[in-house]
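Here the chain labels run A, B, C and D in written order, and each chain numbers its own residues starting at 1.
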Amino acid sequence: MSVEGTAGDAGAATTLDTAWAVRWMRDTAQVVSENRALLIDLDRAIGDADHGENLDRGFGAVLSKLDDGTPETPAAVLKLVAMTLMSTVGGAAGPLYGTAFLRAATSLGDATAVEPSGVAGMIAAARDGIVARGKAEVGDKTMVDAWTPAAEAAQTAALAGATAPEVLAAAANAAHAGAVATEPLIARKGRASYLGERSAGHQDPGAVSTALILQAAAEAAGGEVA
Amino acid sequence: MSVEGTAGDAGAATTLDTAWAVRWMRDTAQVVSENRALLIDLDRAIGDADHGENLDRGFGAVLSKLDDGTPETPAAVLKLVAMTLMSTVGGAAGPLYGTAFLRAATSLGDATAVEPSGVAGMIAAARDGIVARGKAEVGDKTMVDAWTPAAEAAQTAALAGATAPEVLAAAANAAHAGAVATEPLIARKGRASYLGERSAGHQDPGAVSTALILQAAAEAAGGEVA
Amino acid sequence: MKKLINDPRAVVDESVEGFGIAHADLVTVHPQPLFITRKDAPVQGKVGLVSGGGSGHEPLHAGFVGRGMLDAAVPGAVFTSPTPDQIIPATAAVDGGAGVLHIVKNYTGDVLNFETAAEMAEADGVSVRSVLVNDDVAVEDSLYTAGRRGVGGTVLVERIAGAAAERGDGLDGVTAVAQRVVDNVRSMGVALAACTVPHAGVPSFDLAEDEIEIGVGIHGEPGRHRIAMEDADGITQRLLDPIVADLSLTSGDRTIVMVNGMGGTPASELYIVFRKVAQLLEGLGVGIERSLVGNYITALEMQGASLTVLRADDEMLELWDTPVHTAALRWGA
Amino acid sequence: MKKLINDPRAVVDESVEGFGIAHADLVTVHPQPLFITRKDAPVQGKVGLVSGGGSGHEPLHAGFVGRGMLDAAVPGAVFTSPTPDQIIPATAAVDGGAGVLHIVKNYTGDVLNFETAAEMAEADGVSVRSVLVNDDVAVEDSLYTAGRRGVGGTVLVERIAGAAAERGDGLDGVTAVAQRVVDNVRSMGVALAACTVPHAGVPSFDLAEDEIEIGVGIHGEPGRHRIAMEDADGITQRLLDPIVADLSLTSGDRTIVMVNGMGGTPASELYIVFRKVAQLLEGLGVGIERSLVGNYITALEMQGASLTVLRADDEMLELWDTPVHTAALRWGA
């Protein structure tokens, strides 16, 4: 599932414009739908078996919204997504992803194309929004454990001069690694925390869905799945 | 399970006195307890899974009553059994067996030992009581399908000059055959009737318990199980 | 089998004891022989209402003891009708001088035990009448069976007859109202999964993952037809159609409808069934004047539901609305 | 998985629709966004009470909408808290000018969605307060978790705060009473068998034939300890002990006790549990002043039960007894 940087090939030339943002969201809807059962199963193990259903409902609604008309800027796309998720997902993930996309949108301003540093800023803003809402720290076995390494990897890549798609690919890879690394952790936030030590041995559903979303972002920018 | 006549051997000399009546009832309690699960299973198939439990509760109560003191005559034993079954078994079987034992007791009068014709009369009286209460006919797939051939076989044996234990053995064998013969029948009375054609293929629990009770009667009189 | 019980043989005694503690303001539990009366029994001058049957159908009957409904409930062993030695003192305990009505569900065991008890109570000087509830349209050929079973309609009979008794109607009057409800009420049930009788320890019948039992009884006895699983709307149609046919319901008829859970079905599913019943009856021009949706007559933890429809007249509706105060049904009080 | 449903995704909409038809005298169902208000909302001058949460816990919350209890209920998807776009109009719809209290069960999702909604409703000019119900003593280390969950205590908070609002208390007063109930109520649950979420289609957890889940939550999430099956008295002791310890209940304390079914447990079993609770509390010299035994906050068809104990004071008992008229709780009306 990890995504390789694609500097030098056709993908690298992709501009992160409004069309990219729309592609990202359409791809996310598809990958969430494909992984609906997986996310339900992960949540079934340490939660209440609804994460896949919740996100599928939410991104399904995003698809309809996008069918109704395309917003003008990447930020406008993300804001639409934020509002839609907020009003259709519910549970913990709804407000958290809603806030993440809202902060991400805000960080982009009215740019029509997102630069490498903009990508890093967007992911950091999303992560900060989630932390502000959910008060989770790294290691609490939540989606923060995917967003935080993603934000750091994006920052590092951007500083190292990577292209915007490369920054996204770095973020996606780091999110994926972060999600995998939640497996041995004991949850301290969210529903899994009630399980105490029994929460160890399962990946966190929200961390896994975060990795899927960022993977879709990278792929929509031309990144290739390893 | 069929019971052989034992004319000529020690058992045949057994007098059907009060001690026999008490042995019959104690043996019945034991055989019902041993076959509790079987009777529940038969009732589970075409009824409501309580026949074995009901009879076990009833004859368990009979045991306690007999521990409290022995009535003076066979009729008094059967009357005690009748009242106890009536007040502890419930369901369809409680009033039916209660009536059966009450009528059987009445038929014996104050005799201290039951003669061969008395045995035949007792079983016929029991059968008639069940029919009077339950309105079932032969072939309706009820306990009547065991009591009726038992009454007929007892009558035939008594007329042919059999000893009292032999008459009981004949009745028990006939009841057993009658119970087996309920298997293909479609029930027209009792709870099994709701199943319609699906009631075929199972023996009737009440017919089987009837065979067990009469088998105990014969064995208590010295009859041997074939 | 996992159940929140102690000794399987103590289930009825212990649960009735708990019931008595929880509802000490409403009922008195009489142990050995076991029966339950309303706290203020006997109510002088009022017809006493007694019902009973096998346990495992809670809240029926004990949950319906109280003002405007039953005066006494007589619980048998699980799925086993009670014995005359319980019914007789219960009958005597609620006789306020105006006689007693036995409300009996039509099962061989219930009929025989109540019959005997009625005879003996009469011999003791109590006037006893009986009505036989036989509302289950799943039993088709009543000529060749023990007759239609008494199921959900029992709740409606107990409520409406109880209201008539509370109003002060005499024994003949209460009996007549009860019989009118019996004549106009029909039910039909479905099981998605069987229950397990505590003393048996194994499910009462086995259903495959894609099978349901249409016309199931409340004693865990198998129903008449076993069919492939369908959606709620389809199943509801199967429950309603034979009721409508049997009652010859036509446009303009007014009804009281009960969608009853068998014990293991979530309330949300019962409301989905009720929704479809309402749509179908509306399509026929039949009005639902009052309704009950919930667990009223169960079969332990069976998964499934039953539908009961009463063609109601003005008097039934008026009686329905009078105050009732029992553990499981309460309004206006 | 067999359920009396049509499309798994339509479960909430269809069952709430059925609920609305069955209780048209009591409630109004507002579709898209979905919420339920009492028929006469907004009641002028009265504090409005709003609660909500994932569906699958019926009768909570819609079954508690009506006089003396909630003004609005906001159902989310099954086991998923509702969204602000449902909570905001529900809040507005029941504001009679005296402000609105949100009764929120302590789950991350419920907290975040209600928090957002409250903020936006305030921005629209409605005074909103919130109480967080967190009564589940199964969650031990609230420092290292999302905190104790809100479970059965919610029913008691809704009832008593609802009574205070009906009495005419102001927003601060109703909030204070609600908080006092929260501070004095504790619960603990057990599952004998898991439930199946319609959209998931498989049981939420797997229990062996001889295992039970102690401290189970109402979202079908596994509990804290898995132990070998025990009898009802033993299990009841395991539910009660941590509650007694946490509340420091001592002789002379008065309580309101709820023995709640998780959806798939027969009433008889709940009364067996209640019987043991009554015995144990009596042994401690703790009085049960009022009680509820039944399905009040369920987890679909889960087999199991929960125990809730509220240390009650005079005012709580007085409020408890005032009339309440909802689909699932009704007296004095």
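Operating definition for what follows: contacts are C-beta pairs under 8 Å (C-beta built on N, C-alpha and C of every residue); 3 or more make two chains touch, one makes a residue touch a chain.
Quantities reported herein were computed from a predicted structural model and do not represent experimental measurements.
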Steps needed, at fewest, to go from chain A to chain C via touching chains
2
Centre to centre, by mean C-alpha position, how many angstrom separate chain B and chain C?
33
So what's the Cα centroid distance for chain C and chain D, whole Å?
29
Hey, how far is the Cα centre of chain B from the one of chain D, in Å?
55
At least two other chains touched by the same residue of chain A: list those residues.
none
Can you identify all of the chain pairs that touch?
A-D, B-C, C-D
Interface residues, chain D side, partner chain A - complex
9, 33, 54, 76-85, 107-109, 112-113, 115-116, 138-141, 144-146, 149, 197, 199-200, 202, 204-205, 217, 219-224
Interface with chain D, chain C side, in the complex: residues 1-7, 11-12, 14-19, 21-22, 55-56, 58-59, 63, 192-193, 209-210, 212, 229, 231-233, 235, 263-276, 278, 288, 291, 293, 295, 298, 300-301, 303-305, 330-333
Which residues of chain B touch chain C once you look at their complex with the stated criterion?
40, 44, 46-50, 53-54, 57, 86-96, 133-134, 187-191, 193-196, 198
